[in-house]
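The data blocks that follow each hold one structure.
Next, two complexes with subunit A in common: one pairs it with subunit B, the other with subunit C.
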Partner chain A sequence: MKPFAARGGLRVNPMTRRLAGHLARGLVMIWVVTTISFVIIRNIPGNPVLGQYETLIERGMSPDAAERATAALYGFLPTGTLWEQYTGYMKALLHLDLGQSLSTPGTEVVTLIGSATKWTVLPVLGGTLLSFVLGVTLGVYAGIKRSGKLGDLLSISGSLLHGVPQYVIGLLVLAIFTTLWPIFPAGGPVDVEFVPGLNAGYLASLVQHATLPVLTYALASYGGWVLAMKSSVATVLGDDFILAAELRGLSRGVLFRYVARNAILPLFTILALSLGMLFGGAIFIERIFNYPGLGLLLVNSIGTRDYALMGGTFLVTTMAIIVANIAADLFYAVIDPRVRTGGAA
Partner chain B sequence: MVLAIGDLEHFMKRLAAITALAVIITATACGTTEATGTAGPGGIYTTIDGAKQIDATAPINPFNPQGSTFVGYDAMSLAWPKNDLMDPNQFYPGIAKSWTATPDQGEVVVHLQPNARWSDGKPVTSEDIRTSIGLAYTQGGSAYTVDAGAAGAAADIQILDGKTVKVVQGANRSNVFLRNVLSTVVVPAHVYGSLLPAGFWTKLKAARGTGPAAEQAKTEITGLSQKVITFAPPKDVSAGPFVLERINPGAALLKKNEYFYDAAKIVPDKVKVLNYTGNEQIWNYLVSGKLDSAPFTAVPAAVMKRIKETQGNGIRKGFSPVAASLAFNQARKPYDNVHVRRALAYLIDRSQVTKIASPEAGTPSVTTTGIHGSSAKAWLGDGLGTLEPYKLDPAKADQELKAAGMVKKGGTWAMPDGKPWKVELHVPASFSDWVAAAKSVTSQLNDHGIEASVVTSADYILYLDELARGKYDIGFWLMALGPSPYNIYQRVYGSANGWQLLAGQLRHSPPGKNGNWMGGPETIGGVNPGELTSRLNLASPAEQKRIVGTLAKLTNEQLPVIQIYDYVNTQFVNDTRYTGWPAADSEALRLPAGVWMQLGMIRKTSL
Partner chain C sequence: MTVTTILPGSPGNTGATLRRNFWRGVGRVLRRKPSRIAGVGIVALFGAMALFGPMLYPAHLPRDNNALYAAPSLAHPFGTDFEGTDVLALVVTGSRYVILTGLATAVITVALGTALGLLAGFHRGRWDTVLMRITDMQLTIPGLPLLLVLSTIWKFQGPLEMGLVLGLLGWGGVARAVRSQTLSLRERGFIEAARGLGLSTRHIVGRELLPSMAPYIAMNVLIAVTGAIYAQVGLFFLGVLPFDSNNWGVMLNLAVFGGGALTSTAALPYLLAPLLAILLLTLGIVLIVDAMDEIFNPRLREE
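Moving on, here comes the complex of A and B:
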């Protein structure tokens, strides 16, 4: 790779320059999205304290007890003009302070997000990787055998699963494995009876509780990978270099690697973006399986009008997607020489 | 072209083998988890906390609304309220073994359980109660407000001995002072005491006065609120029958507190409180028979059938001082006209609505009084029979509509000026019983030539916000929140209808101001219902009865709301592992199962 010679003689690696540009654009995007989400959040109608009071009444608490439980919450509401709130919020952000939650009064938003992130990573990352591996592998098969029965079967199953909404798959999985054939727990991240740590019971319980969310996530996203990979394989199979390779008498193993490596390239970009979306959680899956991840945290924060928590979760999701975009772009340049060299490779 | 399908198939076989292995490991894990027991012969009692969802990051602090403490298990009050039809001052003992009050409730003397100890072995003393009361002052409300003018504010706390405390009420006496004192949440002074700064009690005395010094003292005391709420003790120190052992976002595990004053009555070794994020999870737990008891959740008929079919599942029903109603915005036409409100009341078949909306947890309201039907009988006696029952009567409805000047054109009722009359019933989308009720009501109104439709709000907070801003003509509203008569009528003649009690002074705001969305008149025939309501907390029992009679009659005539159905407290129980549940209509039915255990009710099921 030839270094880029900047004015004044400073030689900057093109990759570094590319990264710097991405970072600058990313920061601007984060600021824009943060500002927009701040304005939207502050203008969502609803009084969180009144809402909490009436919710407690609705749950059977007496008005006196509900008043006692909510009176002090007013101290956690933002004060001042919208501009004052905004400047205060941005200053706090510069110090990585996302504020305090209203729905869990006094708890730092960072703590809540940190707690939810660890529970999101297991099912969403596990589900994404599982569906990616399965989908890509079977997608190659479906692409190569696209005129056969098995290829058709894989394509149809992919289309079907791709078309079924995530929450429908979740409810079906829940009904099958917790009611009809109750071998998995219906909800929660781990059985509280086990002491957290590296012990067999706790780890087994973790796996057991994560299985259905992972399975649901994998099933819901598997179809997309199969179809994308099949389509990509079909495109690559028609390329001249494959024909040339065949004419040169290259072995079937080498040919397979040629096809797979070239067909999978566009999917890596989607995978990187999917991993970025991971920080948005899987709202329906987390809700159905009572899995306390970021998606559920976001929904709850909206439901309780917890401004600081809403802002925090939006920010984390935004940053993750922007970082994933940058990573995908850089990664693509690494794995595909044509991108690196402007198509000269 | 032929590619390395063999390689691919080999890979796929390996993948299948790995997947199968993972499934086997997971299935084995299932078996392992189910078989692992961590409790003794008393077993683990499994339930849910209907009042809140679990947040494992919340501090172990009962002053925090989301705190990781559980009422009746490790969070204790001086006493536990009975589910009485009329008297809000009826209680079961808690940390207080007994109590006495002067007839005007000017003084309440509380005697603590002699053997009460914290889970760290230290005794529960009067100093703990005093500290708990001091902390309650930082939160404000009920008996512990720093506003000296407020009715029912405590004026002095005296420690009579190590196990006896006297709480003295200020000059503006409330008849629910005893209730508010006995509801005091008790925390250990040796854990929470440091939250109260030196000189706190002197400052509290100063805050009860007037002038800048008093204002400064008030500000300093209420300024402690956030510090108290966010306080996070390193571990649970409980005076209740259980103490928190562990918590995660899915559940809390509490173990028996060996120092509990009545430990012999507590049968389960542990209690597991499961979290839920939606009703459907509670249904799942109930269908699978996992819960030993659970408070009621709105359940569709098909799911209810499956819940009832589960081995051991049963239902206990009793009085629940809440009712669902249709509330009018009387600032909007034509609902400012009482004849229109009455006409609608005559057109709604409440039995039909209840059957559709809440067959298990509701009974059709006998009529509109503002009071739950069961309480109304107790409060009004024979007077209840003299009120207009508003039975389904389309002919009377027509008369009322004509009296209001409404006109019928082409079979459809219209406004007096001939413009279309469109009735919109607003409900929060998440309240399935209210949505079903609204649909039933609109269907009935449509049948009578009134163009009616249901409008749902995305969530309850949005609904409340728009309701408070007067954006709705008619909305569903919870009312009749007894047993305190003030709480009952405050829902109809309180801030939602313009009356606000600030610093002991009653003020009325015009419709559209300060949350007045009901928009009723300040006086009706010389009666000021808001003023009468505000007196309910101060009145003698005889005067209370007279005021309740007046307000019930006024509400029945004026119909600021149409009472649709009265809720029935419905608890799910399962006899498979434990038994001894409170009987139907028991005064303990609404209390958490932890209190049932304290009362010695819960036993192991004999095999």
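Moving on, here comes the complex of A and C:
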């Protein structure tokens, strides 16, 4: 059962082993991503890093000062060999130094990312949880009544919403609620006339502006939950223990609980994953509703050719997903005892 | 040679019967729900649009300065855009770029995904480990942000190059699916029987494994293609790529951020037409995938 426990008498808790493996893989992945983002920044046509350095010298700065100023912007020295630049970049990253933004001069990239993150996290959390609850509940029904009229309708509508790209849903929501039937503000996180803080006007404006993005997140992910739950229920229904429960004459209510509890397990993994994934997927929704989260930050940084900001945002987005991956797997081991005791992954 | 005499009929003959049975099965699955036939029809319509659509219109679409943002009428079923160009014409001519990208992606994902998935699943061992690490990476690094970042150093020129990049970024899903399918099939009786008969690996993979996986691969490829189409339209919509030709993504971008289609209801058809095209194409593909799902997975056929 446990091949690794027998060897050498060294008994390692399977959970610890699992955790260590995941952390190691996560670190490798983070290293790969940082390298990719370094290579991309380095290979941008025209080499903005060297370009910045030369512009500063032309403006009359001494080479030393220009070098320091450019290094502050990008996190690594503009001159020197590729290897020196690479190690410099990595060292700066270890100190959480992502360089400075070009488009908003004098601001650290880390600060910009930090303030954008909250605008991404809140709507994503709200929308995902909303769609999870709705989708899972309806998915159980769709799984049990697979050939009924309503079950069919749920599956088809789920497939459609799941299949349609986020921006289509977002644009339709935008067109319906801001143009055809203008009851919600079209963009931005909050109206500027309110003072940030715990006052009714500010909070109301906050909720008003968040409604459409949250609705879009919810609609965009709802279909996936229905489909995943439906197929999970279909699998569980074929298990022997359901047949046994039926033979024992258990009531429908008990049966429903048996099915739902077992079928929802794999979905928790997807939930953790999708929370991470939405960091990247938020791009369209934030662009459409002009919501100042990480996705909009990335798009704007590309528009203004702010490479340090672009690299930093890409890095943070990817790291969120890697962390979510690890969390999902560990979480699954916690909630499903079969994984914990049986498997050495 | 004794083997041939034991088997009923020659190998070519059994192949033909298998194929006929397969098509009969497809026909049955399609007929069970008429909506699936509609799905095939929709996808065929878009195929025809991409193939023949641009031939119906002049290379430079006519502009009508007297009819900017015209409301839908008989002459302009979806109205006109900010330059007075017919929106329907834009959608039809723009479909070629979109569909071509999807096709290029399909070819690359099928070729790479199937080949690598089979290799990993059939031989297992070191290749398998390496492949799984690569696909892990591919599936973890978010595709859209990566594409956005790539767009700063790679100028995507034309639909085929676009499709190539999307395919190279997206074969991991298909490879994984094919690998897991191979792993489960290689333990089945018919593969063991084929191995026991001493048939070559080529025969086993080509004649036994692949045909039983074909609908599954097709399904996954359809999903990959839709993903590619969306990503491509989305990139143009975000405006990070140079607008070198007319396509749906460019239309969406200009409608939302340029033309101000959202400021008045009169201009809405300009925004809605490409959305409608995407929705319709999705519907068609969803219906086909639904049918394929049933061909492949008989367990879903509820008695």
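Keep this in mind: the second predicted complex is superposed on the first by the 287 of 345 C-alpha atoms of A that agree within 3 Å, B and C clash if a C-alpha of one lies under 4 Å from a C-alpha of the other, contacts with A are read in each partner's own complex, and residues count from 1 in each chain.
One rule holds for everything that comes next: contacts are C-beta pairs under 8 Å (C-beta built on N, C-alpha and C of every residue); 3 or more make two chains touch, one makes a residue touch a chain.
These numbers come from a predicted model, not from an experiment.
Undergrad: Regarding the shared-chain residue A:A65, is it in contact with subunit B (first), subunit C (second), both, or neither?
TA: first
Undergrad: Quick one: classify A:Y89 as touching subunit B (first), subunit C (second), both or neither.
TA: Neither partner.
Undergrad: Which one hits more subunit A residues, subunit B or subunit C?
TA: After superposition, B is the partner touching more of subunit A.
Undergrad: Quick one: classify A:A186 as touching subunit B (first), subunit C (second), both or neither.
TA: A:A186 contacts both subunit B and subunit C.
Undergrad: What is the contact status of A:S147 with respect to subunit B (first) and subunit C (second): first, second, both, or neither?
TA: Once the two structures are laid over each other on A, A:S147 reaches subunit C alone.
Undergrad: Quick check for you: in the superposed arrangement, does A:L174 touch first (subunit B), second (subunit C), both or neither?
TA: Touch status of A:L174: both partners.
Undergrad: For A:F256, decide between first (touching subunit B), second (touching subunit C), both and neither.
TA: first
Undergrad: Report for A:M29: first if it touches subunit B alone, second if subunit C alone, otherwise both or neither.
TA: second
Undergrad: Report for A:Y217: first if it touches subunit B alone, second if subunit C alone, otherwise both or neither.
TA: A:Y217: touches no partner chain.
Undergrad: Contact-wise, after the overlay, does A:R305 reach subunit B, subunit C, both or neither (first, second, both, neither)?
TA: So A:R305 meets both subunit B and subunit C here.
Undergrad: Across the two complexes, find the residues of subunit A that touch subunit B and also touch subunit C.
TA: Subunit A residues touching both partners: 45, 174, 178-179, 186, 287-288, 302-303, 305.
Undergrad: Using the touch definition from the top, list the residues of subunit B that touch subunit A in their complex.
TA: By the definition above, subunit B touches subunit A via 1-8, 11-12, 15, 25-30, 32-33, 36, 38, 44, 50-53, 55-59, 63-66, 81, 136, 138-142, 176, 179-180, 183, 225-226, 228-230, 246-253, 272, 274-278, 280-281, 284-285, 287-288, 290, 295, 320, 322, 459-462, 464-466, 468, 478, 481, 484, 487, 490, 569, 590.
Undergrad: Which stretch or stretches of subunit A touch subunit B in the complex?
TA: 45-48, 50-52, 54-65, 67-73, 75-76, 100, 103-107, 111-112, 115, 119, 133-134, 137-138, 140-141, 144-145, 174, 178-179, 182-196, 200-201, 204-205, 207-209, 211, 237, 242, 246, 251-253, 255-256, 259, 286-288, 290, 292, 296, 300, 302-305
Undergrad: Given the complex with subunit C, which residues does subunit A contribute to the contact?
TA: 25, 29, 32-33, 36-37, 40, 43-45, 146-147, 156, 159-160, 163-165, 167-168, 171-172, 174-175, 178-180, 186, 234, 238, 277, 279-281, 283-284, 287-288, 298-299, 302-303, 305, 307, 310-311, 313-314, 317-318, 321-322, 325
Undergrad: Hey, which residues of subunit C end up touching subunit A in the complex?
TA: The contact residues of subunit C facing subunit A are 35, 136-137, 140-146, 148-153, 226, 230, 233-234, 237-240, 252, 256, 262-265, 268, 271-272, 275, 278-279, 282-283, 285-286, 289-290, 299-300, 302.
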